[in-house]
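The two complexes that follow have chain A in common; it is paired with chain B in the first and with chain C in the second.
The block that comes next holds the complex of A and B.
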């Protein structure tokens, strides 16, 4: 892993229809860190992740994922990158085991034991079709499927969007637990949930007007020097990036 | 190994995804088939029609049910993104969808056929025979339309995919059809392959671009249209080339699809074939001379035709008796002129006479009478020569004079087969068999005239065949138990051995048989068929029309038989009552009936159907199409 860029975007310009969603976008991930890409809805976060998977073309700039151009080496990129969508996108008839059985041959590094372990740890029912799972269970199933091939880079596209508080907590704990063990893994998670960002992020990148406005560790971004200042991170992030005045009890 | 596992996973996923649709289609199919079967039966169709129609409708139902959801369904479910972000899954899924597009409708079609057979068997005692010949073209057309649903599925909603596919196929094929007028089968196959390849490539590109561009319609549509941009000019260039190449070999008349061969005369050189085609509705002949060695065609102007004056030195293959002749008339309808060519040993020596019809008719009349007198094989009981000329019977007397037998006042001559004239009146039937007039007794119960033998007439009554000989009386043939009440004689070929080769056909079951009839003994023998599986002869032999004999060097009769929709050369050993099937002349004969064959070489025959002329070897399986009326 050393010497290889995990993810590096330089001067990226990406259009959706007649709108440039990314323009002059620069971002480089730190290996082994959880980077949270923050930004408003429709700001281009999901488009950037799709570009990282080679599913969207860009007009200008360069993008490297694990040292590869996703447009030209899409298969190799997909084999080494785990992806969790905002809404479970597998077939509704697929049960957890059927999903794993379908995905297994597509990934050279697929670890069936790891898949089983994730399902057990996340308490995902094995024999219930995706359509019968709760939204939180569906997200956990997608997370388990993304972790099973032991990806070097995990891309999470708003995995907590649309979840109620209980489900969100459940998925968040599962995610933190999964990231905390095993081999070193780089993570890029997009969200507009500042609380989530504060709890999982090693680094924060703020996306605004199609480019990264600020990027650094949470203390760096907040200018915090002690733990007390970090304790109010969600509020301070909101104040800093959204210009929202929030009470200290919020 | 991994690729195989991915393929298996893709197939399983596709099958599971389409499972509900397939179950619904399987549930609807028996209802559809039942409705079709009963509707067709009420209209008097045979079992093979009901099975073929049911299979086709079920197949098209399968296409309509499966095709729109293959790609558009994925888009609408939101699962296309899942496949696109799974490594190698999109490609495998596309392959699985292509397979599903072919296999699933075929399975539904087969299920429909089975349902139709079961329904037919349940309501009738006889086991129905499956017959799919006429459905194949529509099935392939359905597949071609369905294939366009792949690129369209990446662009449009599933409900719009099938209508759009139909429109696209029409936009592609209608101009091609107009340009080609009547493409040859080989060309149609090339076009079909081109369409399949283009549709598949379009589908893949559209699917990929649709994903990459996040559903941007314009780019995706451009990718889908790209192979079309190559295909359409290519097909039209090919059509132009074919049309240009066929300019001298095809018949450019507006009713070309109904044009058929009417008469053919083979020169004694075994090389020049004089052909008259009739475009139905146009009422004007089109005549050609075909070199059977080189396939070169010399086309006469429209409205001209060749006619046999009975003096053409060659073999008249169609519409008349076989024999040796030495004159050929070329008539031009527009100019109302006739040109008479003298032919000796097959070569046209030159014009014999030419002019307006009325002016040369007397001269022709003399030539014809003389030639017929010289070539007639018939003698009366006193050894005097008999022939027909100008619609009259003529007998040469002992003094060398010609005695003319006119048709009675209340009757007229009608040519039947090759050797008989019949006069019909209001109340009686007279027949002339080259020896004398015979008045046929009023036939009760009603008989159906089947054919003329040397000494009588073959007729059929319910459950029996009869030979009516006015002198010897009526003799019933002992039909073997293999012939049923349903058997109808479709052709009678008198053989020079004094026997007759009879082809029968059971219209209900589609079975056909061939028999050797000995009129003198009133004996009927079913032919033993060698060279094919005995089981396969059932339901396949449709007989043919014979007006001449083609024999090999050992005097065995060469025939064409239809076996399982293929036209096959066969050799009949008359003494052994044995028919040996030799080789396949042409498969997919369609509905074009066989006209005649003639030997043109030591081991070759010329086969003439309504629309094609083939040169076939009975020593090998090779056959060459020398000429064909372009198919519509």
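The block that comes next holds the complex of A and C.
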């Protein structure tokens, strides 16, 4: 696999209606790392993920996903990339196993045993249609579906938005379980949950005014050189990127 | 079973919290010598942190001599792991105690008051 780009955007310009949401957007993912894409709501994070899946066109620049142009080779990209949307995008009447059976033929690398394992591990109810699942269960079902083809690249769009504390923890635990050790799985996750970012991120990319303003390891973007200084990362991320002054209770 | 949750708001870095949590479990006998620690992936899911953070903590514990990695089969509490953990915890808790005493003195408590607190433990 060495030599193949996981995900690379160069000079990307993407418009929604009359507004350029991305402009001069450069980002290259580090293979095997969890990259958290931070930025304000409406800042273009979701649009970027959808462009990576060939679902949105861009006006300028280049975008490569697993070495492929997602617009020209959308089918191959969709087959190889796991995607968890912010709101489940499957048929509401489908139950967990029906959804898996429905998706399986679309993915050459689909692993039915892995799908079943994920459903078990995430405690997704088998007999309830998607419409009847809680938000957290819906997110877990979509995560299980995304993991079943054992993707090299996992794209997650605000998987923790709108979840209560218990569900948030369940989704976080499921996601961390899917990261594995030393496995060649790269993850790009958008979120505005800084606690989640501090827990899972190897790398942070900060999106502002349509472009990536900063990208580096979590210690790097916080101006640290070694992990020993990394206590209180959520607070430090808030101070750095949101300009929030937090009271410190040292 | 090792129940460790990393507090991301703490002033102690996440991997350090895991090191201290494991040392604590070994020192109080919850993990005996020769016992197998959870896999990196298991502990990451339990503590809700990136597996790399756990791997870093395990390397640190290995460096301290409290645990030993057996190739392929996992990470285990080392022989003499309990002594090492007890020593490590002792010096850490004594430091914490000294820091707390310092804070109390700065806040205006007298040495006499602190000594009274200590004497209450004797009773």
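In the analysis below, the second predicted complex is superposed on the first by the 240 of 250 C-alpha atoms of A that agree within 3 Å, B and C clash if a C-alpha of one lies under 4 Å from a C-alpha of the other, contacts with A are read in each partner's own complex, and residues count from 1 in each chain.
By definition in this document, contacts are C-beta pairs under 8 Å (C-beta built on N, C-alpha and C of every residue); 3 or more make two chains touch, one makes a residue touch a chain.
All values reported here derive from a predicted model rather than from experimental measurement.
For A:56 in the superposed arrangement: first (chain B), second (chain C), both or neither?
So A:56 only meets chain B here.
Now for A:123: first (chain B), second (chain C), both, or neither, which partner does it touch?
neither
So, does A:34 touch the first partner chain B, the second partner chain C, both, or neither?
second
Which partner chains sit in contact with A:85 here, chain B, chain C, both or neither? Use first/second/both/neither.
first
Check whether A:17 is in contact with chain B, with chain C, with both or with neither, and answer first, second, both or neither.
first
Per the contact definition in the header, classify A:108: touching chain B only (first), chain C only (second), both, or neither.
First partner only.
Can you pull the chain A residues that chain B and chain C both touch?
none
Under the touch definition given earlier, write down the residues of chain A that touch chain B in their complex.
The touching residues are 16-17, 47, 50, 53-57, 75, 78-79, 83, 85, 87, 89-93, 101-108.
Help me check something: in the complex, which residues belonging to chain B touch chain A?
It comes out as residues 2, 5-6, 8-9, 12-13, 16-17, 77-79, 81-82, 84-89, 211-214, 216.
Using the touch definition from the top, list the residues of chain A that touch chain C in their complex.
Residue list for chain A touching chain C: 34, 169, 172-173, 176-177, 179-181, 195, 198-202, 227-235, 250.
Can you name the residues of chain C that touch chain A in the complex?
6, 8-16, 39-41, 44-46, 48-52, 55-56
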